[in-house]
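Two complexes follow with chain A in common, the first pairing it with chain B and the second with chain C.
Let's turn to the complex of A and B:
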């Protein structure tokens, strides 16, 4: 424990970033327990400026903005983690399947990956969400469909390079094959890259999620989603600037923290 | 009057830091190089010889927070505590450097002519072509406008040598300059360096772990052991009558074309794990292994004193040192197993061609009609220069590469492989024990039985069974290669394939691993296919030698016969490439 603290002291910036990430995740997990007011219901007159009663003020309907931002962080943060996890799992599985089967299966899966990558994904995803109707689960599903190919591509490249390394050849000569070779000897080589990519990607997913909500394709109102909150109250920017700016600032902090954490992680891994 | 030395190192100590740990890598080193003299610094991995070179260049890694004490004078200029500007001036005007990796040492984005121009300063371009001509580059004008990636490793190293010499330095530092080169090219480059050092009158500090390489060009040698210089003297005199027990051990571990095959190589006294702890022992760093050790040896590091060969040796009993101190009863080979000499490998009409690039060029043929039979208990060496196809043939025998045509039959079962990159042949995130145990999985043993077999295999290759729990990054190269052998023999295979298994090792490790392979083969009745570029190693391990060139076996025969009465020009070429003292200037063939 002391050693960990000492290590943290040596890298103050990294430590701060990871502390912020931990704080955001904690906030997302216990959010509903600490919101001062109900994020959906009107509690006071609209357009109250930030005060001790309402730290972030109230919005155009009269709901407590702090409560709505906390609930929004919960939705946005957990959803983006979910999308990343699903994409990494699907992409990783497809890459591993291709590497295991080889031959035409690998070639076919690679072409399929190509196909999904060349489609203007955000555009099609919007159309798809518009078609099936807005809603958080739809958004998650559709974004994941267009998100996994990046992970498949990255994992496939890692697996191909590790397959030619002597330690994998040595394992093959020793009679290790199939699933065991993949799971024990090859796939762990792709994990560091996968982890770094995923961390850097959190920011992208948050932005896309917010974009969807901003365009009205995310959760339907009155769900407190940060992108939607910014979009819907943009008209108040000049008169009551805190109402659209505070949710936008929350997005900004999450994206920045995730990006910096990804960079720090990448430097660490490259240093190994 | 004696001219001032071009390099004068006095009482040099270097301490490097790794995290919070400080390690004394060099302690009390005194060494001088005179103009026109080649001094070989010989030592095993971790002896501090590269640190010495980097200290002279002023290029010690600042991350390691080096603490340097003593004095290093290059052509009279102090390097230690010199400011960055002074250091640059010394490096620019007085020092030429030839590194180990020639291709990596050249800037890939600049043409050779431009890089050479940096060394020549204002002199006209014609000088650059002249220099390339002098270092034996064919078509110097063409090479000037080439990029490094368009040249071979040997050509790049010649360019590096031209760059090092063109600025007419006082001192050249060559850090293992031929390790990355093909054997034949290595011999040519060594002879070239020897000749140019004489002609130009520059001093050379030549760092190597290979006694044979040093013998080609060294006037004097300096032997390093655990960060201390244990012996300095005229090369031939030291070889003839070493004044330090460690030097004597080094000489015993050397295997040339005349090594005695009837006994294992003398590997006693060699460092088997890189331990560069100069400061850790209070006394002589060699005391724990030395047969002549006395109480005084453990009390304080012995001072350098005159040795019988006329140089200096850091040994209190230097007058008693001789080969006999290591020669108790000679070791004997393990008894030969009584397994029937069944056929282990039969390859018939093997062809291998790689498709041409872009699908348009003609395919490259690497192997052309190879036939090979190996019986159990028989050891066959496959010798050839790089690109001869020898490693491809081994990969085909191992089942790692499919032949284009021909049959591979392993009648007694699958072969096992020992790779050149020992550390790389273990998966870094899995324990050594788990990886050795993979071969036991099909046998359906209980966990306890498996662990017992793994530990027995580790013990058989001379490793501590406790290493089973460790991972490869925490093991030394020598330990990894032994563990790789343990993996190969945990279920004794009918055939062991060794791909340049000792080529990257220093003398002591190579001798120990060669002994081990030879003993295991006898004990377990394995056939061995030993792929190497080194005829001396081939002769030592093999009953039969096959010489390959351009994808064909050009000569084969019983080991001694082939070495002593070579028939094919390729065999002669490889024999001439085994480094030795009287390497002919004739080898200065154009690349």
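Let's turn to the complex of A and C:
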């Protein structure tokens, strides 16, 4: 415990960043338990300025803005993590399958990855969501479809470099092969890179999710999505600026924290 | 004087001439407005316009119109008219001296030729004349219409902003093509109003220019410039900056109290009442559940602080400008009972839909309703769809939203036009195929009544019956709000002219 505190004292900025990240995650996990009001219910007249009664004020419908922002953080943060997890799993499995099979299977999967990487994924994803209809599950599914290739490419490169390392060669000479070689010796070596990439990617996914909801391609109203909350109340920017700005600020804090945490993690990994 | 001195003198004169400021050009009388959406067609017989309606009525004129600020019918091209004792023959006496923009005179024969075009069934608005049996032009300025049966809405249909507007022979003969001049009339006009359409750049701008040969009073503005500006936020910036003179709809209600001193806002009651259509074909099949929903949606619970005083609770299923009901509909008030019904029913999720044309206001109202429903334990989400796809809901009521928020505009100020379009069995905007034979009978009987007070009582009885069935829920009379530069006056708004000022009367002080 003391050692951990001492380490934290040595790296105060990193510690703060990870603390913010932990706070966001905690907020996302227990948000519904601590929101002061139901984010869907009207609690007071619309456009109440921030006060002790409503720390972030009320929105244009009279809902508690703090409660809606907490619910919005929950949706955005957890969905971002879900998309990254799904993308990493799909991408990692495709890369592992290619590395295991080799030959034309590897080449074919690599071309498939190339194909997904060269198309303008965000635009296509928007078109796809617009076609199938807005909704959280549609958004998550479509973004994941276009997000995994980056992970496949990174894991594949990492597995190729790991394959030439002495301990993998030794394992192979000792008769370890196939799935066991991948699971025991190769994939764990690629995991740190995958983790850093995923951490750095959280910010990108948050921005894409916010963009989708800003454009009305997220969950249907009145789901408290941060991008949609900002987009819908932009006309109030001059008269009741807190209503569009606070959700935008929440996006900014999440993106900044995720980016800085990714950087810090990468530096740590490179230092190892 | 030497040649050198002459040259220097000439140069000096030229320099002085160039340096002297030119006399200021007389200020051009230009009115700048904007539409958030494009105009599909300026053909008065073939397009249900909302944007462009006020432009159409200064390019074209009909026989009668509504007086500004009222729903009283007054003459327009017709200086007088009479109705036969059997209420089937309408005789119009036209103004002498009116001319079409093609230069030809407005005569009874020309008006009849136009009315024959209007009655062509292939045109979208031909139904306005579907009860016309015959027409005649006994002399140069007398036009007679004979109806198949008495129709109390007929004069209102003629005064409607979508009603017949006379097109000149220059278009009907000169540009007839194979489609009654329809293609040409999409982007041109041949009316007899005070303005001509002098520029039509689809998706970008329309310009109306004052007709120097107009037969009536000369309007103040020489030009009306109409830009297409889809973003309401941009329109707000433009009107605040002085780049627009009038913003005809969409200014957020909550910001009307914060207008800069050089802008004014005026609200007027139009014919578009905010109501909810209840879809009884899936989640709300159960009448008890519909009753619970009705209890939650009571506008008294959510309307007070919204719309900044520009809305009042609806008193019936007719807009206030059409019938100002002496006693309002009474919503059930037992929220606890509503909660019990929902709890006994099990989880209920509803979808609230609205047409995208009035997106900001409708979405806010829809979210207020979601919040109201949450109070009795019903969850709901909101969706919008293009307004022109609304009629398609009738074909798939099982997949349509459970509640449809509508601020639809009836054809005219006569309550019969509201009942015919929304409430009657098979009516075009009866989106969830509501059908009640006894209501149909009431509508049929009310249509025969000519005494206004008795007629209104009959239509209010229909409203009560529909409300009792929980088929249509009257929510609010929301005013049409126009934001305009403070030096403008005589806006000439009319309840039957949504989102519009009268370019023939508006002027600077």
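Quick note on the criterion: the second predicted complex is superposed on the first by the 272 of 272 C-alpha atoms of A that agree within 3 Å, B and C clash if a C-alpha of one lies under 4 Å from a C-alpha of the other, contacts with A are read in each partner's own complex, and residues count from 1 in each chain.
One rule holds in what follows: contacts are C-beta pairs under 8 Å (C-beta built on N, C-alpha and C of every residue); 3 or more make two chains touch, one makes a residue touch a chain.
These numbers come from a predicted model, not from an experiment.
In the three-chain model built by superposing on chain A, chain B fits alongside chain C with no clash.
By the touch criterion stated above, A:26 is placed in contact with neither chain B nor chain C.
A count of residues in chain A touched by chain B and by chain C gives the higher number to C.
By the document's definition of touching, of the two partners only chain C reaches A:41; chain B does not. After overlaying the two complexes on the shared chain, residue contacts for A:117 are found with neither chain B nor chain C. Contacts of A:176 after superposition: chain B is touched, whereas chain C is not reached.
By the touch criterion defined above, A:165 lies against chain B but remains apart from chain C after alignment on the C-alpha atoms of chain A.
Of the two partner chains, neither chain B nor chain C is touched by A:253.
Of the two partner chains, neither chain B nor chain C is touched by A:49. Of the two partner chains placed by the overlay, neither chain B nor chain C lies in contact with A:85.
For the pair chain B and chain C, the least inter-chain C-alpha distance in the overlaid model is 51 Å.
Shared contact residues of chain A with chain B and chain C: none. Remark: chain A residues 38, 40-42, 45-47, 60-63, 219-223, 232, 234-236, 238-240 touch chain C in the complex.
The touching residues of chain C, counted against chain A in their complex, run 232-233, 236, 252, 254-255, 258, 302, 305-306, 360, 363-364, 366-368, 370-372, 374-375, 379, 381-383. Interface residues of chain A facing chain B in the complex, by the touch rule stated above, are 165-176, 184-185, 188. Of all the residues in chain B, the ones that touch chain A in their complex are 398-400, 414-417, 419, 421, 424-430, 435, 438-439, 441-442, 484, 487.
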